[in-house]
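The next block holds one structure in the form of structure tokens; read it before the comments.
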Amino acid sequence: MSIPFAHMLFLATLLFVMGAVCAMTRRNLIMILIGVEIMLNASGIAFVAGSMRWQEFQGQVMTLFVMTAAAAEIAVALALIVCVQRRTGSINANRYNLLKG
Amino acid sequence: MTFFDIIFYITASVVVSSTALAITRKNAVHAVCFIVISFMGTAILFYLLGAPLLAALEVIIYAGGIMVLFVFVIMMTKMEKPPVVKSSLSSQWIPAVILGSTCIIMAGILVFSDSGKWLSPPAVTGTPKDFGIVLFQDYWLAVEIASFLLLMAMIGALYLGRRKAYDPPEEKIQEKNVI
Amino acid sequence: MNTVLFLLLAFPLTGALILALTGRFLSQRAVQTVACASVIAAFILALTAFLLSGHSAQTVNLGLWFAAGSFHVDIDLYYDSLSALMTLIVTFVSSLVHIYSTAYMRAEGDNVRYFCFLNLFVFAMLVIATAGNLVFIYLGWEIVGLCSYSLIGFWYSKPGTADAGRKAFIATRLADVAFGTAIALCWTDLNQLSVAGINDGASSLSSGTAAMIGFLLLFAAIGKSAQLPLSIWLPDAMAGPTPVSALIHAATMVTAGVYLLMRFFPVIQCSQTVLLAISLVGVMTVCFGAFSALVQRDIKRILAYSTISQVGYMFLALGAQDLAGSMFHLITHAFFKALLFLGAGCIIKALHEEHDIFRMSGLRKRLPLMFWLFMAGTLSLGAFPLTGGFFSKDRILLSVFLQPDIHFRILWVIASIAAMITPLYAFRMFFVIFYGKPEADSNKNAPIQDLMTITLWPLAILSIFAGFINFPLNWGGSLWLDGFLQTIPGAAAETHPSSQLEWTMQAGFALMTLTMVILAWVLYSREQESDELSGTPMTEAFQRFFLNGFYLDHFYQERIVIPYRNLSVFLWKKVDEGLIDDGLDRKAVFFMKLAERLRLWTTGQISDYVSFLVAGFVMILGCLTALWWFK
Amino acid sequence: MISFPILSAIVFIPLFGGLMALACAKNDVICRWIAIAATLLDLLLVLLLFFLEPIPNISGGWIQVEDFPWIQSMGIRFTLALDGISLVLILLTSILGVLVVLVSWNGINRFVKIFHFFLLAIQTGVLGVFLATDLFVFFLFWELQSVPMFFIIGIWGHEQRIYASVKFALFSIAGSLLMMIAIISLYLVHASQTGEYTFSFLKLMNTSLSWHAEILLFSSFILSFIIKVPLVPVHTWLPDAHTEAPTAGSVILAGLLLKTGVYALIRFGFPLFPYAAQFFTPFLVLLGLAGIFYAGWIALVQEDLKRLVAYSSIAHMGLIIVGIGAWNITTLSGSVLQMINHGITTSALFIMTGMLDERLHTRKLSDLGGLWKTVPIWSGFFLFFAIASIGLPGLNNFVGEILILIGTFKAMPWTALAGFSGLLWTVVYVMKMLQCSLWGKDKPRPGVSDLSLREFAILAPLCLGVFWLGLHPGPALGIIEAAVTAMLDGNIHQAFSRAGSP
Amino acid sequence: MTLLTLKPILFHLILAGGGIIIFGAGVIGKTRSKNLLFFISTGTVIAAALVELLINKDSAHFLMMLDTGDYARFFNVMFALLTFLSLLFTHQYEGLRKAGDEFYGLMIFALLGMSLVAGAVNWIIFFLGFEILSLSFYVLIAIRRDDPYGNEAALKYIIMGMIAGGFLAFGIAMIYASTGSLDMAVSLAGLEKSWDSPVMLLSLCLILAAVGFKISMVPFHLWTPDVYQGAPTPVTALLTTGSKLAVFAGFIRIMMHASDWLWGFSLPILWAVAAATMLTGSITALSQTSIKRLLAYSSIAQMGYVLMGMAAIKNDAGEAVIFYLVVYAITDIGAFGTIATLCTKTGKTLDDLNDFKGLGYSHPWQAALLTLCILSLAGLPPTAGFIGKFIVFRAVLEVQHTGLAILGIAAALLSIFAYLKVIIAIFMKSADKIIVTSGLGTAAMTAFTVIFVALLLFGICPSTIVALIGTINP
């Protein structure tokens, strides 16, 4: 396999930016979380690619921890979303703007 | 260009396009479906890049666990209608796309100017055994920490998600007093 | 001798201090006693000093006042014949005025303040007379100003009195600026401040510096002596109690300016220009005072303008380098003017604070004693032949005439014309007050206390006979004063005129005076309409012009006082509060507005926060990429 | 030299007293007595120094030096040193320290303990400024004196107190922050040259700076100082602060805080940057003159008695700056003496205005008039101090003014001439002040009593001071002159002569 | 592997154990005995701190993962102190009367997270610590589930935090991709494999964004006021001090290890964001009427000063930056803690400036401490903040960043304007309503005393602590 390493990194970056764009544009809290997942996933690709480049396991190990962290965060975040949605009935991110200024 | 290369590029394009579709879906369930496709593609990439265990975990944790969680939550929350105001679309997307493309251009400049290294076979293959040895010998501390992370996430999610008998009514959000 | 001089100064000062510190606890009689005693003691000491002193000057050092670097100022006294005369006059007149005041002030409250300042004034005047250095003179110079200020405003609740005091103080202070500068200039160029030292060093001064110092001293003197152009304060100063006017604003303080010039006569002599300027100021003021006095209705204002005018003669004499003549006139003027003022005080008191001479007419019958006493003063003021005023004024005119410079001839002519006006206004005042039909409806006059009249007698006698202290040669006199003053630096023996010239001058002068007296009699001894002004519009305008003191006061008000105040208001409102302060406030407001703007950045919307997170990232990335790209 | 660290004691006794007053006092009266005791003790120590210490001869410098290590890692030492200039100024400080406590005896009724704490803390700050020779310590005290002042104006002031206190705080801090940068820069430059990290100004004086650096540093220092003095364009905090502060605050402001600015200028500003100082002197003198004219004119039309006195303060300080600008023994002695004089006279005027305010509850000139009839003793004192402030010979201000002006005349005749004219403006507004307060028609003022014994006791020492400095300033002037001469003979003079052309 | 090998991480073990005990106690003790939980948690914190203080360890890195040297020890003790103070304030805080085991346990875990972030020498630990820290705060902020403000604050923090986590992960990935090492020192110094890869710049940006989010660096600061205002006040107190301190500890390490090439790119960015942060924080604080928001903006400005110090970090400014951070932490926890004690019986915290009117007279202790803290924030003597600011400016001027220093004093001046508003409200306005709060308990008084003494001690004789800080380096 002879793919330029830059292509892989670029793929990861592309995915990362797409995730960020998703988080920026979407008003749906769940979609924002999906954007974050995409970003974390992109970092996983970069890690694995790096691991391949340097021929060692650290990157892969890190990917595992990123996944763990992603899972943990998503769990808490979804719980919070459920919690607030239960109270206000809305998952529109921008409706939560009591605090500002 | 080898066969693997072709598969790589095809998979990559699938991943990118499904992600692009995912982030633009109005319906969250559709988005989740596309994202699952994207994650599947990622798993293939992982496999191609010599991480079969991660490929499996990707499918199990991401595509299987997390996305199902999403679907559950989507089901639990009664989705409100998306805002009718159409103008918000451009005001939402245009700056984001500009920012995103600028970002990609910049990052692309940096990435492609990296003194181009080619990944050369044979790539190491992270067999579960090798992987486990590294993980539990060199990184046991991190594993322990990750376990605490999961414990906290569990407790936090439990605490936040638990329905209380005296959940306050909705109008409380209008309250002016900051506590 | 040292002790005498020290005590001479100490007595009035102690009197003032006692009154200031314990005056509240003393009875009125005690206050008056302390005040009079200290001044009379000073008079006795002055007399002693006068008798003890020889012709040579004496220096007494009472100690160091202050010093810094090379600059040091002593408290020292310099007693020469000039100071001897001045102390004598000051203590004599002030003793009389003090005694007079005890009676005059009996009915008024606040005697403590009055006598305290009066004593302080005597002290300060003595300091001027005897101080041995410029700074110490300046001390006296300023304190007399302060006392004058306080005493003019003595009846502070009457409208205008305090204003008059302030005007006097500010006008004289203006002159003091010149004095201060003169001190600085003397120090810079001569490196010393003592009177003797400056006079000795005068010859070593460059002519420019000497002229500069001379002009500065002249300006200082002008302020104190109410000469043109700073004469405006004196008529207003009449708002004070009459004894104060007599002492401060006639006999002593206003002549301090003349005295200052005499003190530094050698410096002044260095520059012909200064001398000419002095005479010019003198002559102009003589005319100004005389013409203004001619139309005044207020008795004290007449006397005030007359003072201005008479002091002008003294200046004129100094300008003509006749120090002795100037001193001669200073002495006679002190006597007759004090007499007139004190007399006027009696009359005013008797008529229940009536100041308008046209409401006084016919007092000859009602106040016969005052008639005679006042006549003595008027004769002397009007330079009636053989009175003190006649001799002193004649002497001055003669000196001016004798000056070789052509300019002085012109001045002489003008001064002579002014000398004609003097008897006219003097006798106008006299006739209007004492002749004419008595006011029918006037109340019975208040009694004049004996003590007040008693003090007038010595003054009256001296007014008439003061000529004898410097009896002209052609009358067989010895010019005692000239002789006495000949040790004074600068008062060098002048060329004596031929006795023929003297006779001619005196005769002409006497004739002139008599004519004027008769004219005054014709014009004013009849019944007077107490109308404001009379005559053709032309004369009326003139009268108004003179009545208002050539509108000088008006001019200052319009050109200086009001613009000054406007400038102050402008600076305060427009510059200080407007430009500077508001400028700062505007900056504060700007930042507050900016803060409000920046506040909008925190929109409260999660999407915006995320966008800014990414935007910030992109920005930093952009910067770094650019940096990297161009490196 | 006294071996006991008497300077540190002098500096910290007030603060300690303040803490005692804050912590131990059971009620307000005890608190006041504690404050009095602390300030009196302080005064006693200063008098001890004044009378026991021999005045150093001309070549000597410091009378007393104390030096302790403090923050060694940065080379900061707690150094206090006393010379003649400091001595007379701390004498003034300790005297006014006692007086301000007395002045506030009846006037301050709210939060008395806190008030006295702040009052005494300021005193510590001011004393520290007058004694510190380590620049860091100096800066610390410099800041320390303005913080309590902010509270005093803001809590116990009059109607516009908050505005005034904020303005005061911002001006003070703006200046001092810039100075902080300059101090640190100087310290670093010195360290880079000698390798020794020190804030001792005697050592920093030997730093050789480039022309630009010197100009920049000097301007940063000077800005802070002239804000405190204050000179004209940066003076606007002063009328507000003086007017709104309680009497004790005004007295401290006028009597002490303004002096710290001038003191710092003499002690640090000029010696540290002789070349820049020489370059800037004309500007400073110009600003000083501007102050004399500008403030003198503005004072004339003030409607508030305190504001009038405040503007008069600016004018007087302007003259002091002119004296410093001329920079010779005569003018410097005169300026230092004039600082004391101004401290006495203006403080007295503020105290008296405060007394009036306590009685009539107004300071508006239009509400006054005819006070001589109502309160004759007060009026007598007022007249006296007003006259002193216009520089009547025989009273204190005259000596300072004449020294400044005569000394200046030699160097800069036209400046001195302008300065002389300042005497005139002073008279104009002081006369107006007297006119509107003492003289004129008196109004019925039932229940207004004349000075009490306490008030008399406050004014009497000031009065004596006025006479003492006016008639026999010899001792004080001798001490000042010795210090000034030592300073001029030292580095500064050499530097000045070296500084031929920048 | 014996137990003895675990000695270096005894601190972390105690915390982990303590946290689990608390959860256990929460499960067992149905009554939710608040005091029990409070004592267990404070006991844990104290024990951990004592261990860290008393047991001397070699400064080697534990498993090449965790720094256990003096640098980490110092910070661990600081975090323990801050958590301890925060717990004390919680005890006083009426709003968290009903807090259960989740709260106390997560406080301990937050402490664990801080210590991991500060001590990490491996990116994996850094990342995990970062996540633990974030995760515990997500829940802590939302601990009052029925409070709409708390919920909203948590929502904002969680979304932003997750995105920041994504940035961090991707940044680490980029570092790894270009250097092949996850060891911080190795990867940043680029000693082994590659050292001037442009991808490092990308990762620098990403990590700056992640770190910048945590330390509220402009333009990543927008969440700060909202979250501070919405969160329960003791949590805010810890969030604004402990979390920032921890991330800064890591940031200092990162910057110290950065290669000169990388540092050359970081410096201008640090310069610019420091200036922007100082000015934005100071100016925006001017318009605030809520005291918590005002303090939030002020803390942003304070971070600007630290960043200013960071711009000189390569030139021995570590001492200055750390001292400033310590002072800032004590000051800000004092300020927020005081506000936490100003809470009515109903759990309503005083927040509007109007509520603070006349507070100086009704609540002298709180007012005194708050004033002292504000003076310290403003950098006025005799408080620690004065020395802190002095030292930082010194460090900045030493590397000739004069422009930055000037901007710094401009910002300081502006922020003083804002601080004065608080002091004015407290002391110079009279109260228009009577505010009854629960009095000060022992816990709060202890905290007050500690903060009071620390602020004055560091302000008057800072030599000891400065010297101590001088000896530690990452």
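The chains carry the letters A, B, C, D and E, assigned in the order they are written, with residues numbered from 1 in each.
Here is the rule we go by: a contact is a pair of C-beta atoms (placed from the backbone, for glycine too) under 8 Å apart; a residue touches a chain by one contact, two chains touch by 3 or more.
Treat the numbers as computed from the prediction; the structure is a model and nothing was measured.
Colleague: Both chain B and chain C are touched by which chains?
Modeller: A, E
Colleague: So which chain is the furthest away from chain D, centre to centre on CA atoms?
Modeller: B
Colleague: Look at all chain centres (mean of CA atoms) and spot the one farthest from the centre of chain A.
Modeller: Between chain A and every other chain, the largest centroid distance is to C.
Colleague: By CA centroids, point me to the most central chain in this structure.
Modeller: D
Colleague: Is the C-beta contact count larger for A-B or for A-C?
Modeller: Most contacts of the two pairs: A-B.
Colleague: Counting only Cα atoms for the centres, state how far chain A is from chain C in Å.
Modeller: 96
Colleague: Quick one: report the Å distance separating chain D from chain E, using the average Cα coordinate of each chain.
Modeller: It comes to 43 Å between the two C-alpha centres.
Colleague: Where the CA atoms of chain C average out and where those of chain D average out, how many Å apart are those spots?
Modeller: Distance between chain centres, rounded to whole Å: 37 Å.
Colleague: How far is the middle of chain C from the middle of chain E, if each middle is the mean of its Cα atoms, in Å?
Modeller: 78
Colleague: Enumerate the residues of chain C that touch no fewer than two other chains.
Modeller: Touching at least two other chains: 599, 602-604, 606-607, 610-611, 614-615, 617, 621, 625, 628.
Colleague: Check each residue of chain A and list the ones that touch at least two other chains.
Modeller: 5, 9, 13, 19-20, 23-27, 32-33, 35, 44, 49, 51, 53, 56, 58, 61, 65, 69, 72-73, 76, 80-81, 83, 87-88, 93, 96-101 - these are the residues of chain A that touch more than one other chain.
Colleague: Give me the residue numbers in chain E that touch at least two other chains, ranges are fine.
Modeller: Residues 124, 128, 131, 135, 138-139, 142, 145-146, 148-149, 155-156, 159, 163, 167, 178, 198-199, 201-202, 225-226, 229-230, 287-288, 417 of chain E each touch two or more of the other chains.
Colleague: Report the complete set of touching chain pairs.
Modeller: A-B, A-C, A-E, B-C, B-E, C-D, C-E, D-E
Colleague: Using the touch definition up top, name the residues of chain E that touch chain A in the complex.
Modeller: Contact set of chain E toward chain A: 123-124, 127-128, 131, 134-135, 138-139, 142, 145-146, 148-149, 151-156, 158-159, 161-163, 165-167, 169-170, 172-174, 176-178, 180-182, 193, 199, 202, 225-227, 229-230, 287-288, 293.
Colleague: Please give the residue numbers of chain D that touch chain E in the complex, ascending.
Modeller: Those in contact with chain E are residues 70-74, 111, 136, 140, 143-144, 147, 150-151, 154-155, 161-162, 165-166, 169-170, 173-174, 177-178, 180-181, 184-185, 187-188.
Colleague: Under the definition above, what is the set of chain D residues touching chain C in their complex?
Modeller: It is residues 167, 233, 236, 294, 297-298, 300-302, 328-330, 333-334, 337, 370, 372-373, 376-377, 380, 383, 387, 392-394, 398-399, 402-403, 405-407, 409-410, 413, 416-417, 420-421, 423-424, 427-428, 431-432, 434-435, 438-442, 471-474, 477, 480-481 of chain D that touch chain C.
Colleague: In the complex formed with chain C, which residues of chain B make contact?
Modeller: That would be residues 92, 95-96, 99-100, 102-103, 106-107, 109-110 of chain B.
Colleague: Which residues of chain E touch chain D in their complex?
Modeller: 319, 361, 375, 378, 380-382, 386-387, 389-391, 393-394, 397-398, 402, 405-406, 409, 412-413, 416-417, 420, 423-424, 427-429, 461-463, 466-467, 470
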